[in-house]
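One chain, chain A, links the two complexes that follow: it is found with chain B in the first and with chain C in the second.
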Partner chain A sequence: MFKSSLKIVLGTTVAVSLAACGGAGGPGGGSEKISDGKLVLGVLNDQSGPYKDLSGPNSVEAVKMAVEDWKAAHKDDAVTTDIEVITADFSTKPDVANTKAQEMYDRENADIILDVPNSAAALAVATQAKNKKRVYINVGGGTSALTGASCNKYTFHWAYDTYMLANGAAKSVTDSGGKTWSIVYPDYEFGQASDKLYTGAVEAAGGKVIAHIPTPFPNENFATFITKAQQGNPDVIASMHGGGDLANFFKQYQQSGGDKSTKVVGGVVFLSDIKSIGAEPLKGMQFTDSWYWNMDKEARAWADRFQEKVGTRPTAINAGNYSAAYQYLEAVQEAGTDKSDDVVAKLEGKKINDIFLRNGEIRAQDHRVIHDVYLAEVKDPKDIKEDEDFEKIVTTIPAANAFRPLDQSECSM
Partner chain B sequence: MSEHLVGTSHLETAATAAPERRERAWARPLYLLLALLLACALPWFIYPPIALDILCWGLFAISVDLLLGYTGLLSFGHAAFWGSSAYITGIVAIETGMPFPVAILLGALAAMVIAVPTGWLAVRSTGIYFAMVTLAFAQMLYFVANRASGLTGGENGLQGIPRPFFGMELIETEAFYFYYAALPLIILGCFIAWRTVHSPFGRVLLAIRDNPARARALGFDVEGYKIVVFVISAGIAGVAGGVFSSGHGFASLNDLMWTTSGKAVLITVLGGIGTLWGAMVGSGILVTLEDYLTTLGFEGIGIVTGTMFIVIVLLFRRGIWGSVQQAWHWALGKARLRWG
Partner chain C sequence: MGSFIQYTLQGLASGGFYALAALGLAVIFGVLGVVNFSHGSMYMLGAVGTVVALDEFGLSFWASLIVVPLVLFVFGVLLERGLVRWLLKLDPLYNFLLTFGVTLVIVDLVKRRYGSSGMPYDTPAGLRGQIALGGLELPTYQVFAALLSVLVCVAVWVILVKTRVGMIVRAATEEPDRSRALGVNVAMWVTPVFGFGIALAGLAGVLAAPTRSVTADMGTNFIIILFAVVVIGGLGSIFGAVAAGFIVGLVEAFGQAYAPAYAQVLIFVLMAGVLLVKPTGLFGSGEHS
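Up next is the complex of A and B:
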């Protein structure tokens, strides 16, 4: 009897001490605090369609860089070093994004999904994040519904949104003397929404929109619309077009010998657009940018490392993915676990400065990440000294003024 | 007059088909049972949302096959019916909270209503012109849906479509259980297609496909028949689109895009035109292949599916299922010769 109790006591002691050792974990091993012993970061974006250059494979590389950098920064104290980056291409199909997101969360145990540059797809993935209670950080998508009517506890919006794009350029250009505007927009839902947003922002800044000019979408010949836009000699002509339409519009605008004193503004422009169109037709165009690789030393240093690895300069979305992945890992480290609720609690309200975010803050109320954004201008090709150095930062728009104020958000979590 | 002729043609085909039918009497229930078992087992082997996608695209392609294979009409605008039903199903489910099968059937009904004027105009042309008219209608609907953002959500899509089902939470939230709840609707769609093909009405369609002039000479209202089958086909496409948007929980402009129509035609050709079930086989192959390719980091998904399409069209004119059927009959014939 005594013998057997001793056995039990001994056995229990051994077991407990073993468990304790195991729990402490060797460096590099996963611990119980991390589900399945490892962190899985899923990057879901467009790797074969129109957003490939904006985000795509280069964003996957950026996330991998973030993981490496984070591991290097937390050599010994890292909560886990077993971190996997998985990726899938939804090639702009929202239903594929929806299925893939479920698969990543359910089957591949992704702790977080990043990116998703398409409005409908982004909102569908946000719903999945809410249902599965896992973290989702959108970087490449623009719809401000993610932090508006469709916001939820597990979804964050990192780099930019349509509100900020319109607000940034409209306000700073109006403030610098562009009082009267003509807005030319593609006549479909996105264009109409951009027109409304710009009009609101221009009027709020004390300017006036004297002409709203819808164009067919897609469109080749903009001559009549350009003439209409020039009537009444506006200070600013803004085009809400994207991609091929953007190129056509500005080429034809230059050919029409537009008044040099008239400013031109692009509603939705990214570095990848300028790269594919070329600087010549777009020179002098101003637009809102959330980040530019040559905007300061810190961004530049990271862009150099990025170029070494990928062979090209990063877009704002690439950098945003790096930043989002890195800050997620930081939050996991602080929480000591990958449990979504704990990680979200660490992310909410966090103030961040990194290679991408300047004066950044993750707003706890709607999960909009606010940060300094910039009014950028496309350089004249004559002034471009370095490959891919297309942009000049005109002004910095402080974080507090750049994004939609909380009282205008329909978000309730 | 016309009725009498339908009756006659039915009798004739039944008579000519009689010997074949007798020896296959045991086979048909067996095949159907096997297909049903396969459909029930699918989500155990394949990730359930993908299994549901296979069924939806399969049924959608069946609706295209009903026109292409059995009436000789290539519709290149079937996304109009798939997509409009996807939206209507979503709107009904969001606004009224009716059980999802009701929402889907209402969506399919809406697709049929839209199909009436479309069909009325389109059936006056054939071949490439028919394809163009249907495509034009689908594009028109696409832009209408884009503009009507108050109703459809525009670019953002119609998000957060619930699938109410008498408070049964597993079905409402879990893709695996929803699959089984939606399966009867898919089977209903398949049954309607099968019944249409194997009816006197279906025989007339074949006659119209093979020789519209003679069918007209026999007194059949060729346009009338075409409109009816067009509307039936739209309804089936609508069921598929409704299940699709319920399953995914949202509808997007992508559902109305011409690429969606193209995918349905691709699946039909891949599976085998005029085989009905081939559409399910084609869908199974294409959907799983696309899903597999998304994670490979391979940029040319279109290149793979396109190449496959070219190979099938050039080498296997009957499609995958058609070729398998042919090989099976050939093997059966051989076996019969040998063992009597």
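Up next is the complex of A and C:
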């Protein structure tokens, strides 16, 4: 490794080409505690497309808040106060995410990449993290493969995953009397996987899935599928759709009189979805949530600060990005360096309670961050007293039961 | 049998959206020879306009049914006068590219102003619930949307067949060269017809707002199906567009009901089949091809 003065002379081109050759052990080394004297946090997400409101620019703001808060908490003893937050847009395309992640790690010397709200993109970034030996904390992506078959030493999964979404709602709702289920899912990889996970969880809880109904993706008109789902009078109709399809499904479901006796469950629902569809078509729908801004005092206090800054209530993914960035900085502080291997060692096994995580623990074996999650229900518009207060927490699912047990994980690091 | 009838009605309801929008596309193609790629974004503007009319101006759904298409009519007139007109003399490809570009600009402007995720819009109070129809429970809104689109299609048809204006437009649509040769001033009708076609797409958009996800991207998929509809019906054939709209709606509904994996592809199989047997479409005259 070069001394810092020489590095400046040689300029960034050398640094880039060195990093592109793979390097060893990530950034840092030599006499420096922090590589290049500063920490670089890269937020890679969707700044303009369908996941913009779920994560996007507001998550970048959340990460900046985390940096400010962390600096304020470590005034004198901070290992460094030179912390930069950089951001890139992958426009929901996995190949773009792959290139951007490479650029962030190599050219912009990012010590960590955060977020990436899309499963395929998240897996691509995880591979980059593994090859470059740099930290990656996924927040917005759903695939449980990140801590399963595709797990690696440098990748962590913070907020939620597909296993936890299915397991939470399917078990809680079946336990409370929803014995027969119709599952309507978009007919591509994510939907098919969700259908399987839900079916497994419903059956494990003693329920029965009487109909599996695949729908084209994307799809505008759900009338025929709703008719099919209603045949056989199931106790529960579950929709595994996201974004626009979710809106189409529930608008048309409500018009077809679906709100009478059948319970409805949403497979992947976030605050941003409820905001964009409106509470009326979704009222009474239950789903698993990893965090809600008005769920307790601590979350609420942070959400108030967030709103002051950004002008809207935070989604679970915004809060998750704050938490992930903050805890990463804590780990760097404890390690006294930004060397990836040392930081990872500090993160592994760490028990955390912060604005986002309740009874949180970073599992050392698969890097799944387990924490309490919630069965949430969309309120009736009549009961909404405050802007964006769409959710009611029905039950808390304790951390130990919420996520995939280690013995079912295919992860080997 | 009960569900068969239900699927049929659902197919007709969704066919109504296609028929309305395709009617506008067919009229524009007929009179101007322009394949209006921006039609999907006009449908989107109709839906987004309905939401904005309620949120920012307090306009009810019923008022939007009239106001939003009128605003889009004016928008269409400006678009024709300002842009489309100047390329009419060139190869039709130029206007196709122009309207494609217009789509990109409109969609991005809407995203910039209103974001890329959906905008909430509830079913209007009078149209909630279901109505019983011969032992079947049908969503009131779907029945309303289907009836209204049929009504508008029939009204347009009557205007085209029974009035002098209609006759000129029809002549200009289906036999533009011969009409010109007979001294019909086709050029005079170009601007209002373009605006009218855009207004029809906007009306389909207004009808979509309570029942579909309202986003800047909602027209992107819609336009693809719409092109399939006008190709099946015969480019430039007004009756063909409407008939094909309902046919495609039915094919989609039965496909979804009995062969869901093939539902989307069926429409394009139908299109390919029609093109093989009758390249001018089911009702096309062939003059434009």
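Throughout what follows, the second predicted complex is superposed on the first by the 381 of 413 C-alpha atoms of A that agree within 3 Å, B and C clash if a C-alpha of one lies under 4 Å from a C-alpha of the other, contacts with A are read in each partner's own complex, and residues count from 1 in each chain.
Assume contacts are C-beta pairs under 8 Å (C-beta built on N, C-alpha and C of every residue); 3 or more make two chains touch, one makes a residue touch a chain.
In this text, all values refer to a predicted model and were calculated from it rather than measured experimentally.
Superposition of the two structures on chain A leaves chain B and chain C fitting side by side, clash-free.
In the superposition on chain A, contact is made by A:251 with chain C only, not with chain B. When the two complexes are overlaid on their common chain A, residue A:243 makes contact with chain C while staying clear of chain B.
Contacts of A:350 after superposition: neither chain B nor chain C is touched. When the shared chain is aligned, chain C comes close enough to touch A:218, but chain B does not.
Of the two partner chains, chain B is the only one touched by A:150; chain C is not.
Of the two partner chains, both chain B and chain C are touched by A:48. By the document's definition of touching, neither partner reaches A:196: not chain B, not chain C. The superposed three-chain arrangement places the nearest Cα atoms of chain B and chain C 6 Å from each other. The intersection of chain A residues touching chain B with those touching chain C, taken from the two complexes, comprises 48, 52.
Of all the residues in chain A, the ones that touch chain C in their complex are 48-50, 52-54, 187, 213-216, 218, 220-221, 223-225, 227-228, 231, 243-248, 251-252, 254-257, 272-273, 275-278, 280-281. Within the complex, the chain C residues that touch chain A are 3, 6-7, 10, 13-14, 111, 115-123, 128-130, 137, 139-142, 210-215, 217-218, 221-222, 252-253, 256-257, 260-261, 263-264. On the side of chain B, the complex with chain A involves touching residues 47, 49-50, 53, 143, 146-147, 149, 153-157, 159-160, 173, 175, 244, 248-250, 252-255, 290-291, 293-295, 297-302.
Taken together, the chain A residues at the contact with chain B in this complex read 47-48, 52, 57, 60, 86-96, 98-100, 102-103, 106-107, 119-121, 123-124, 127, 131, 143, 145, 150, 188-190, 192-193.
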